[in-house]
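Which chain is which? They are A, B, C and D, in the order written, and residues in each are numbered from 1.
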């Protein structure tokens, strides 16, 4: 099996430089371009012969990069934040045009989170949700974080809430009459608690309860290094998924 | 929608009496027979009009009960232990005879564990296993337990080992040179630790690690009451699954 | 060594009947009176020859019981809630009168919590508090609890706050700008989170963090049975502590 | 209050360079010498006017360094491993000679572990041990560690065993008949389990159980940075403790 040729866009950044090292060390992948700010993304991708380009840049340029990558004939893996319905819609249109009439079209995978443990925790939580009377989420982060609760925890809680609604479950039982001043939020009826503690990085604990039993799914991210297995997985999978895919969970084999 | 008529076999036992109460309290189920030791199981199931019979008896009689239930025209849900390949094979043959040429045949669901949290933990662990470099299992029980590690933990570790092998992963990294005298075992290359502590009931923690991240799935069973949601789920699902099904995970909706 | 003669007041209640059983099963203790509602507490204690009386009644009668126990010449161990500064002050006055000029006076031990794990968790948390930059408390209870956070968690957080202030530490670092709507409270600057989950009983987790390290102290109460070792310890110790003692931690040997 | 003048011996090493930075950043401490391999330790300490010298070198030179520091008139804080009864005895003799007839003698503090969370966890575990029927220890480390269980876990288990013996407790209850092949050991009758997982650093969990309750003390070390608060505390306290002190716990205020 020949290698997949990979370009990294944003190669000088912290995520980008780790991604370059990870691609170089990985079996079956070859790093063919380190693209940095100032480079012509489309030209560099085309000239390098990259089959997959990984965008790890900043919100202000990520959409333009993706369109350039697509026009250069490569698949795109995107770890940059800042995407909304409108920008995703424009990528879908672009893909529809490029892929029309082709069996093996180009693919774009936007992954808000490359952490396998985080993505699996969310995915399992959504699957478990319908089987428990109670569900709450606790997220724990370093104390320099400005927002509470975290985006990941909000996303997890929303997925739990949707699964509960889908299964006809009402809100988790709760007789509390007073005391709603802690850090955190109610996300679609699921309570999310936010702990801030020096020494922590990014952690999430999802708690489910029935009479006499509890299921806890916990995820700990200690280091940016933890995102690399997810990046490599995305690079390997994007080529076999034409069109736009949002979320690493959609390329995991969880059957 | 009319109710499902349910018989409980072993209705005087601890699990059986709780199951009777749970069926009586459940929407859409009707308890039509409490069958106890000395009763003619087949006759009682037939006369009561039960559509589903739940066997919560003892290993010495459970197989005979299942054949009697099937001959009485009902589906069977089985929580009794002691089944092996031979006894399961005889039930499959019986079902094949009964169901031949029918689109909507009879079903038997044998569940070694009715605890939803335990079954979900095992299922998620098997799905996650291929994505992590390291995996170990810690089970924790009351100190009166004779075997170590627990059957559930062995089953979990075996499923993790199978998933790792399937994904081409070798054993978890381990530089340990000395110190192999703690309670627990190596199950197909997956290390299982067994903690015994007064005050505990039955708990399992599955730990996965990659560089910079950890995923932990923990399950706590505090009380036999925790098995009832699984019993009710099995009763509701067995009618739509002709043939033999082993394991509650096979009737969960985890898509 | 001869046994200690023990009376239980409120012997027909749930805590009281368990306490009777625990005293009867304990080495070195003898149950001499089961006093219930309607009995003359003072007369029963005196006639039974009880050296220690354990009050496990209700807030409306506990203070009167303690005065009657003292007048009957016994030491008192009190597990009933509802005490305030005024009622404690009256007991202190009573003890001062009785104990004046005696080397070995009578003692009263009021224990808001007989759970050894809960009392130890609180005590250790207060001792650890001065050594960490960050401290937060998470309490977890069944969903039928009306107040949040729990009294135990409030008490723990207040003790942590006092120890931090004593050591000259300011508030835990926290850059959070938004999101203060979760169950819980700010207790003297220490954040307390309250989780409610079916299947839980009463649990507390105290988290401390410094750069690069974390200390977690967790306490689980699964059953009222867990209070009995604390009751027995109090019964054994109250005789050697003349005057009023509040808190089981004061009779633990933590040197 | 004037500053304490501090020298760091082994200043070029990983721990040493972090200690230099920590001393420079700390209130009330002044870094006066960075002593490295090849320097004359005694001369450098004397010339710099250091009141306290911190030895963070290697086992082969640490004892000679401590004697030189003492002869130069400074107190010593030692984080280097490799000390035994004989080398500690020689330091005690040296201190006895120097301190004879002085009210405020010189001090040496040898700390096998500067991690506050680790030291507190061990200390609290020893204090709690007498109050629980069951106690077990789980330590978790990265998979490149050669020994199992860790020295810290062995030390913790030995302290728990000593406290149990002191309180007249026998071994923790355990009906296990088979299954003793997991990573870990029996340390004086206390079971120690050793988990090895990629992504972990150094962690310890101490579990205590009584009927109906559990106390868990957990300690996580993510980074060498976590040792610095302990180093600074030792530097501040060593001057007021003449003679040899072994263990950071002896300078903590846990009253």
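The rule is simple: contacts are C-beta pairs under 8 Å (C-beta built on N, C-alpha and C of every residue); 3 or more make two chains touch, one makes a residue touch a chain.
Protein names from UniProt, one per chain: A, B, C, D = 4-hydroxy-tetrahydrodipicolinate reductase.
All of these numbers come straight from a predicted model, not from anything done at the bench.
Among the pairs A-D and A-B, the greater number of C-beta contacts is found at A-B.
Farthest from chain C in terms of Cα centroid separation is A. Distance from the chain A centre to the chain B centre is 34 Å, each centre being the mean of its Cα atoms. One inter-chain figure worth recording: chain B and chain D are separated by 47 Å, centre to centre, where each centre is the mean of the chain's CA atoms. Inter-chain spacing, taken between the CA centroids of chain A and chain D, is 41 Å.
Of all residues in chain B, those that touch two or more other chains are 132, 199, 208, 210-214, 220, 222, 226.
The touching residues of chain D, when paired with chain A in their complex, are 199, 201, 220, 222, 226. Residue ranges on chain D touching chain B, taken from their complex, read 132-134, 136, 138, 140, 143-149, 172-186, 191-200, 207-214.
Taken together, the chain A residues at the contact with chain B in this complex read 115-118, 120-121, 124, 127-128, 130-132, 208, 210-229, 233, 252-254.
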